[in-house]
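My questions all concern the structure below.
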Amino acid sequence: MGKIKIAVIGCGTIASTAHIPAYMACEDVEIKYFCDIIPKRADDAVDRCDCGKAVYDYREILDDKELDAVSVCTHNDTHSLISIDFMRHGKDVLCEKPAARILSEAEEMLKVSKQTGRILSIGVCNRYSNAVNNIKKLIESGELGEVHHVHASFRAHRSIPGIGGDFTQKAVSGGGALIDWGVHYLDLIIYCCGEPRPLTASGEAFCKLGKNIKEYAYKSMWAESTADFDGVYDVDDSVTGIVRTTGPVISFIGAWAQNIGESETYIDFMGDKGGVRLQYGRSFKLFTSKGAMLLETVPDFKGNEMHKDEVLDFVSSVKKGQRNRNDIENAVITSRIMQAIYDSSDLHKEIKIG
Amino acid sequence: MGKIKIAVIGCGTIASTAHIPAYMACEDVEIKYFCDIIPKRADDAVDRCDCGKAVYDYREILDDKELDAVSVCTHNDTHSLISIDFMRHGKDVLCEKPAARILSEAEEMLKVSKQTGRILSIGVCNRYSNAVNNIKKLIESGELGEVHHVHASFRAHRSIPGIGGDFTQKAVSGGGALIDWGVHYLDLIIYCCGEPRPLTASGEAFCKLGKNIKEYAYKSMWAESTADFDGVYDVDDSVTGIVRTTGPVISFIGAWAQNIGESETYIDFMGDKGGVRLQYGRSFKLFTSKGAMLLETVPDFKGNEMHKDEVLDFVSSVKKGQRNRNDIENAVITSRIMQAIYDSSDLHKEIKIG
Amino acid sequence: MGKIKIAVIGCGTIASTAHIPAYMACEDVEIKYFCDIIPKRADDAVDRCDCGKAVYDYREILDDKELDAVSVCTHNDTHSLISIDFMRHGKDVLCEKPAARILSEAEEMLKVSKQTGRILSIGVCNRYSNAVNNIKKLIESGELGEVHHVHASFRAHRSIPGIGGDFTQKAVSGGGALIDWGVHYLDLIIYCCGEPRPLTASGEAFCKLGKNIKEYAYKSMWAESTADFDGVYDVDDSVTGIVRTTGPVISFIGAWAQNIGESETYIDFMGDKGGVRLQYGRSFKLFTSKGAMLLETVPDFKGNEMHKDEVLDFVSSVKKGQRNRNDIENAVITSRIMQAIYDSSDLHKEIKIG
Amino acid sequence: MGKIKIAVIGCGTIASTAHIPAYMACEDVEIKYFCDIIPKRADDAVDRCDCGKAVYDYREILDDKELDAVSVCTHNDTHSLISIDFMRHGKDVLCEKPAARILSEAEEMLKVSKQTGRILSIGVCNRYSNAVNNIKKLIESGELGEVHHVHASFRAHRSIPGIGGDFTQKAVSGGGALIDWGVHYLDLIIYCCGEPRPLTASGEAFCKLGKNIKEYAYKSMWAESTADFDGVYDVDDSVTGIVRTTGPVISFIGAWAQNIGESETYIDFMGDKGGVRLQYGRSFKLFTSKGAMLLETVPDFKGNEMHKDEVLDFVSSVKKGQRNRNDIENAVITSRIMQAIYDSSDLHKEIKIG
């Protein structure tokens, strides 16, 4: 087998900082196409990488027999459409998270992946974090006993991305703090706890602080450098809920923005023998006991570049024709939970899942 | 009107440290009886206070015409029985929190209070905290805008009181972390937010760390100095849930004991204009904005002895024949929420309230 | 059996702060005699405790048939003599550490204890420290793997006790930093590592900083509040050495006084699977690894009063007629090591032990 | 005399970072040959320096009459062979530390240096550190009084270089932590204390943490970026010992790796008048007293590049035909000590030296 031939669909931030550098560092990969509906972005990527061809409509390359796989790095509203199109044309797909805006799109992606036999991996990159995998191993080895409760807190004071832009318009993004940040926390929990099946979800998502875009006070902005005062804001800036599963109960509280100036970004895995507090994106502490002693353990281990390892594992999956840990079958669990939370919030009552 | 004549029923810790000193400091109050089923406790109280008479069965004094009111400071399992008996005999009652072990007992107390016209105040003392009342005023004045979400965290690493004793036996106490600590947090929220009506509750209460009493690791104990290894432990050592009300959504996470060595004791009142983080039992911070400025305000105000002010207000209520803020009609709201949480945990599904 | 009858021989600091309060707190113990060659000390103890009789020569009470056991809290030079006298008269003995000034005295004590069948416990109190016992359990459970090396550091800048007095005169004390502080460190190591047999010892003890008493600069003094400029100083103010045993290799460096202004008081237990750093008299850290993770664990546990627990266990030993963990048979191991270190220092070569 | 003509034998890390830059900065030196058995390394050095000739076998240049001196920067196993060959061919030699793997090689190097009259300097570079020379002067001036004890601690948590490679194979390196790090500490002590003669050595070297290469947990590696899982590990990862000399007693504890997560890198020079704690590779503190005052002095002085000054002094030695402070006659003292420590460890008893 020669070099794996890749197309990158969408050449924005996540493509430029994560997918493209990882592919470029991979000896047996060749990026054949850089595609973006904004031509300059595709052209710039070709220049920067000194390889590949710029295309501005992904449909032009669907029939390229040489093409093995694609990275889908577009906005959430086209994840489903583009991924499905490529799978139906025989390509393997690595699609950025969240899988889709709404559950029905994600379920369709799963169905097509099964029908076509194509690999569809979702960019839930924490599954490649060394910290996360160390926690998963601790849980699997029984160090925490039965993990009966996991609590996640992802709360910022002022962190709405590009208010008024694509991130804050439900028709494009599917949601706000829950679908953008919560997806990582929930998927990470589901992964560490052995992919339990969700049973019920009760939650409330609040669209409060951003809805009057002009009155939203902030110190800096990410994703876009400034607010679009004439844009749309109809997503959740904060959210809370409780989810029962066949494994642990999951409770969470999250906010892109809230009128509390204390940020929290942690996940507590609570078992009857021990517990772990993960500081999201960093390291963790392990709490156990031994006889009458209470132990607080700070592990020290090699960090890693999870985005890079995620892309490398996708390449390896494509070569071997084997699905991996980020497969849509696993990632769809979080889509089911998030959909149930949003539905519960709309109906103000608990939703039974599945 | 002469001096108000009081009987203190149950002469344990809360009586000795809160009720008795407050009555003793009150010029127009006379403690006529100290009652405890452990005779030494009643006798000692008489000696210490140099007044009153020791009795060992509260039924002996039910018919004393001189007696105006009683403080009920017994274990949770007799709150309802004793309070109702005294009300039926024409006495006003200040009953320690929680109102009762289970909702039906509390509803019965409410019913009898209405039937008899006697005052029944419950010892939800935070309603007399200056910090809490300042927050209540901020909310009422509109400073926070619409308070759409309140989150409470009452989490300790190892703080089960007298494991194996009265606190940890459901038949005596009615429950664990939720009914013992949560009652204060929930009542305080209900009070600050104008006594909203609860609508739904979904929660889970966990009995995990204490159930093997001999294996429970701890550094020190409160309520009792040592564990009773042959006792009973069948209550919640931790709990989480979400409650919808006619006012804010309330989410909470609490633990007498958990395998996370970080303690948290705060309540976040989150409005669309501002927010408050109360450090339970201490002070609070106010978060607002003014144009593009984000403001973090640390208020400074006189602290107060909330237990003392609670008792004084009860005395004043008795004298005036007027119900007060701690009336069973208000306090029963929290009983309704807690019962729904425990039921939800038993059935693993959300409960509709009222 | 009625109350155990005790005599306290020597009523100085260690008797007043450790032995006497522990006996007084013990319901089934009666202190019958307080003995000291300084009559005021014995008299004061009787007054303070409101019990017992003051005697000024221990030989007066050797024949008291009622007397069950004694605590020997005199200077090191009489430990052997007094302990042996009481054992020969049928009494059990708790003798303060070190067992004796020199090994031959300690061996004689051991021999008499065996001949007479009397219990002889030495006050190596760390064997009753919760921290130490937790480490012992970690080692026994295999958490550290094979403990191949233990390093002890007990180094102070200026901490000679009562320079010129009994502590610094070899004829009275038997030695300085090694016999006074080192005894605790070495015995603690021997205890935790399962009483291994010492094989070789090479060390050097230095009498350098204190020898010109008048020129010794210090900030404060312990044991005695001031220096005795006309006294004797002929003991080790610092010491270092290496000891091979049937268990771990032990290396150490210690100083009552040294011209290095950094104090260190720790013991490192180094195994091939894990290690422990004990901060002497306080708590410890555990270092292990799990896969590629390096773990640093801070245990939290109830502290205890080791002196009190030591005395209580001695009382229990006397009642049951059973030797305990502080038995001279265990404590003599450290005497053998210390004697070998001092001999090695005198001869400037390694000593084979046993 | 024209320019001194130099050959650099071995063009690895220490050559590239220390020897070559120093020679290049020296006006009266010309590097004539860059020699390495890995041709690319020699070629690259020629390219980088834009001078000299690449050779791949040092024997080709032994007979070059123009060549004055060589730097031997090869692995430890060829230090002796190559240095002796060049001396026998009339060249002066600067050989990296340690002098050799075992004492007999080092003694042979000394013998040949004397026979041939060629200069043989060993790269014990701390002899050119300003901090070290300031301490040496303090000692010589009597500021510390009699230095009776020197204690060295060189302990890391996880710092084995290139596990499985040349550093950790005894046949190539001669040893581990002692010969690689200890050589610097011991030579520095010997230098500062006026080259005393060693008398006895008792020590133990432990091969514990690295021996199962695959199970060795580490965060990063030096010398080589990754472990060689199929390589050899048969050297000391930690070591301790005591050495008597005609000057001070030297005690030490060192580790490339140990299960204690606290690193220490210091040398304490302890005299009866004052003491010095050198933080290895950095600065030092001086502890003295003046009457009853205890003084802690932090000296401030110019730092220097000790490797560069070492090479410059070697060049100067070659020009003048005079031996210098790094002469094999001095450096061999440390070889004698290290050999005795390793022998003592093998035999588990003290070794008499010389």
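By written order: A, B, C and D. Residues from 1 in each chain.
As a convention for this text, a contact is a pair of C-beta atoms (placed from the backbone, for glycine too) under 8 Å apart; a residue touches a chain by one contact, two chains touch by 3 or more.
None of the values given here were measured: they were computed from a predicted structure.
Contact with both chain A and chain D is made by C. Annotation: 61 Å between the Cα-based centres of chain A and chain C. Averaged C-alpha coordinates give centres for chain B and chain C that are 52 Å from one another. Centres computed as Cα averages put chain B at a distance of 72 Å from chain D. We define each chain's centre as the mean of its Cα atoms; on that basis chain C and chain D are separated by 43 Å. Shared interface positions of chain D, i.e. residues touching 2 or more other chains, are given as 217, 219, 261.
If touching chains are joined by edges, the resulting network of the protein chains shown has some other shape, matching none of path, cycle, star or complete graph. This structure has the following touching chain pairs: A-B, A-C, A-D, B-C, C-D. Of all residues in chain B, only 217, 219-220, 261 touch chain C in the complex they form. Within the complex, the chain D residues that touch chain C are 144, 146, 148-149, 151, 157-158, 199-200, 202-204, 206, 208-209, 217-219, 238, 240-242, 244, 249, 251, 253, 258-262, 268, 270-275, 277, 285, 287-294, 296, 348-350, 352.
Chain A meets chain C in the complex at residues 134, 137-138, 286, 290-302.
Interface residues of chain C, counted against chain B in their complex, comprise 300-302.
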